[in-house]
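Naming follows writing order (A, B and C), and every chain is counted from residue 1.
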Amino acid sequence: MHEIFVLAEHRQGELRDVTLEMLTLAGQLEGKVTAVLLGSGMDDFAGKLASYADRVIVVDDPMFANWNAINFQAALVALINKDKPHLVIIPNTGQGADILASLALELGASFTSDIIGLAIEGDKPVATRAYYGGKINGRIEFKDAELYVVGLREGAVPAAEGGKSGAIEKVDNPVASEATARKFLEYEQPPVGDVDITQSSMLVSVGRGLREDKNMPMVEELAGLIGADVSGSRAVVDAGWLPADRQVGISGKTVKPKLYLALGISGAFQHVTGMKGADLVVAINKDPDAPIFQYADYGIADDLLKVVPALIDKLKEMKG
Amino acid sequence: MKIVVCVKQVPDTSDPDTEVHIDSSGKGVDQGKFSFVINDADNYAVEEAILLKEKHEGEVTVVNVGSEAANQVIRMALAKGGDGAIRLDDEKFAGSDPVALARILQSAIKDLSCDIVMTGCLASDDGYGAVGVALASLMGVPHAAYVKTVEVIGEGKLKIGRELEGGLLEMDEIDTPCVLTIQTGGNEPRYASFKGIREASKKEIKVMDLAATGLSEDQVGEAGSVAVMVQYSVPVVGDLAEILEGDPGETAGKLAGILKEKGLV
Amino acid sequence: MSIEHGVFVEKYDLLGCIQCGRCTGGCPVTERTALNVRRFVYDTVDDSRLEELSESPDIWDCTTCNTCAIRCPKGLEPFEVLLGLRAMRAEEGNIEQTAITALESMFNNGNPWGKAAAKRMDWAEGLENVRVLEEGEKADVLLHICCTGAYDPKIMPIVKKLVRVLNAAGVDFGFIGTEEKHCGSEARRLGEEGLFEYFDEENTELFGRYDVKRLVTLSPHCFNSFKNEYTNLALPVQHYTQLIAELLEDGKLELTKEISSKVVFHDPCYLGKKNLVFDEPRYVLGKIKGVELTEFYRSKERSLCCEGGGGKMWVESESKAPRLAETRVADAHDLGAQTIAVACPFCWLTIEDAIKAKGFEEEMQVKDILELLDEAL
């Protein structure tokens, strides 16, 4: 039976969701799943990982409290060379993508990045990647190797419930000396109260269909419920319902959120051009022929003033 | 300070109406209805390189793997302040994965004795986001990915800000020479005026083929790759929005369900 | 350098200015911004101040509507000074990101909208017999659609109507096809003189490939550039309203259906104030049965700009005051007009926005003259 290594990702004392997504994917493949936790004082996480893995390797050392590409890569190389897994899954995130290629090259592994699916065919992994902004998919085959390394896109595989109870092994830090060529200094939080919608992962965006700015609190309540920022069309900004830095479109900002919930926006292409990068677009508009529906994944052809209050109720219900 | 900035010409898929059709080979796409632009992140890398040059003096060399058509993006980078350019062009380079591409780039960069190599963090067409990191590994220098801010803090030392999920900046110190893959949004790429581009057309673009790189055929293209894209397919999604039917209570319920299912609430 | 030889002094004949203030007095954007064009004409005499003046955000408020030029007793074009200052910014590469995106797309794709050149004829989808001319091919009319007509989904149907109307009149016309390029008008208004010169050269060469008698445009902006700004274009240029007026006069175009509507015509700046084409659109509208044509108080030479031109599609003013298009729509509402007729894609878009902003969707619509003609066929 092959062994699959999964690198757990944590940041600022929290285990990131992508970790469970990787473990879920690994669990769907034939093999023994080993979670690798490089951290400092993170015993709680080990327990959580054990419910998704057959084995958890924990290296507890202050060196791994924060991310450092050189230290993490050195530790992984040592652990991988020792146990010789067949496949290593690392997160294709700000951390994982920082070492994916260099780790694989140092180990002489065949690798690919940003995969959205993985299967084992025969003895080898075969990966699926997205191309051209998700417009098409591609099948990736690897050159024969002792080891394969892949980076899994965050959110590509929904995390399942854990049901295992893997053994937790504490391992001494294999890295003798801390890196000097690169050092972690500190985190800088994004400025508070000054929303940069180009960086928002969720946006509730309003257009003229909102009719009056007295309806704005309803939109803000919806945004608050789903953790979204509020943006809008040029018309809404012009009307002074939103500040100029919240405007999406050719003369405003270009945004690329995971969710773009367009409320009462007709979808002039000057607007649509600014939201082209959104992963999921949901449009609510009274006019069933509004062009926004051409760009949306889901649509509701109804008055937003009726649908939004109902949506707020449903979301509150769901949250309990 | 000597800076190399790697740029890629990509189809402009930013227009939501851009259709991507798989060609008859199944390994390529019809390029007929594309327009081509500099990769977005590379555009920010060019700006970052030129800002550093303006502050600390030095020179910026633009490096590209591409055909003659890519001269367009190279000239724009030269017009913005690039000093010289190298274009690596050989039929044998086609089908290169990030490792093979990094090898090709390294063959041109290795003799430039530069302090910083910059690439965009991600290409908008194939989206590997791996070339810069692979390049650093081949060069044997430290690197950092998703860099949004760069500041020189001393001889051979930079302070950089890496952008993580949610907009959090991870501030690091890194020694030069190094490779930085640049994230979008950290600066405001300037405009290359048409006059400037015409002027820049006078600067030489050095062209290197496979022989000039000193690499062998099995180090480039599919032969030199560790992972090969063998077949494109169309993901199963509808063109038009799926319209949720019902009264407001029903449609809102369905939408809430979808958001939950997608992990968005 | 003496004042007499200042860069702007020579280029814009600044010493001809008597500082009477008729320019600023008539400038429509002073209603909503701080722009004072007379002041710029005065200040740019001093070369040493050009850099500082070019950094003023006010220079981007101008819509290049030509009001200042038409009012100037000395025959100057004050707004051109602002374009000169914009050109300084553009050459340094220091302009708004939205303008950069538009200009880079013009260079890469031949249009400001970020659309692929290969998709330029997509508007014709579903139309039969759309004739794209071959090199050397003969036709009476070469039709130039330009970028907004070719790519904006709201304007694309209007181009189809132009085809239907010209076919009904038996006009021998053809298109350039996907090789058609931006006219350069908006490049120049965004300060990109070099790019404008490129389009001048490219398009003149392109038009020269065909054996055509005249060039007809959909947009007054292209019409103006081809007619007044291109350096070597020998081809006669017309706006479509001029061609259609001719067709009606010659009895080649028959309008049979009645349209019962109170219509007010909004003069596009680049057709009216800039090129003094006031009569033809009104003549054409007057030929449509049932149309009750009324006039704005501010019409023809005194017409109010909609703020769609002058590069304003890409550079927003910070002003929160109502847009001029909204003022225009309110005026039309006061007149009891049911239709605001336009003859320019930019006017169509800005006025449609303004009707929505005022909440007048139920009471009035914006229609291009071509839409009315198509209904009347």
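The rule is simple: contacts are C-beta pairs under 8 Å (C-beta built on N, C-alpha and C of every residue); 3 or more make two chains touch, one makes a residue touch a chain.
Predicted model, so just to flag it, every value in this text is computed and none were measured.
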> Looking at which chains touch, is this a line, ring, star, complete or other?
Replying inline: complete
> Across the interfaces A-C and B-C, which one involves more C-beta pairs in contact?
Replying inline: B-C
> Using CA atom means as chain centres, which chain is nearest the centre of all the protein shown?
Replying inline: B
> How big is the gap, in whole Å, between where the Cα atoms of chain A centre and where those of chain B centre?
Replying inline: 20
> Roughly how far is chain A from chain C, going centre to centre by Cα mean, in whole Å?
Replying inline: 45
> How many angstrom between the C-alpha centroids of chain C and chain B?
Replying inline: 37
>> For chain C, give me the residues that contact two or more of the other chains.
In response: 114
>> If a residue has to touch 2 or more other chains to count, which residues of chain A qualify?
In response: 269, 273
> Multi-chain contacts in chain B: which residues touch at least two other chains?
Replying inline: 14-15, 17-18
> Hey, which residues of chain C end up touching chain B in the complex?
Replying inline: 90-95, 97, 99-100, 103-105, 107-109, 114-119, 192-195, 197-198
> For the complex, which residues does chain A have touching chain B?
Replying inline: 11-12, 16, 66-70, 92-95, 97-102, 104-106, 109-114, 127, 129-143, 145, 151, 154-155, 158, 180-190, 196, 198-199, 201-202, 225-226, 258-259, 269, 272-273, 276-277, 280-283, 288, 293-303, 306-311, 313-315, 318
> Which of the residues in chain B end up touching chain C in this complex?
Replying inline: 12, 14-15, 17-18, 32-37, 72, 76, 80, 188-198
> Within the complex, which stretch of chain B touches chain A?
Replying inline: 11, 13-20, 22, 29, 97-99, 102, 124-131, 133-134, 136-138, 142-146, 159, 161-175, 178, 185, 225-235, 237-244, 248-249, 251-253, 255-256, 258-260, 262-265
> Across the complex, what residues on chain A touch chain C?
Replying inline: 208, 234-235, 238-240, 244, 250-252, 268-270, 273, 291
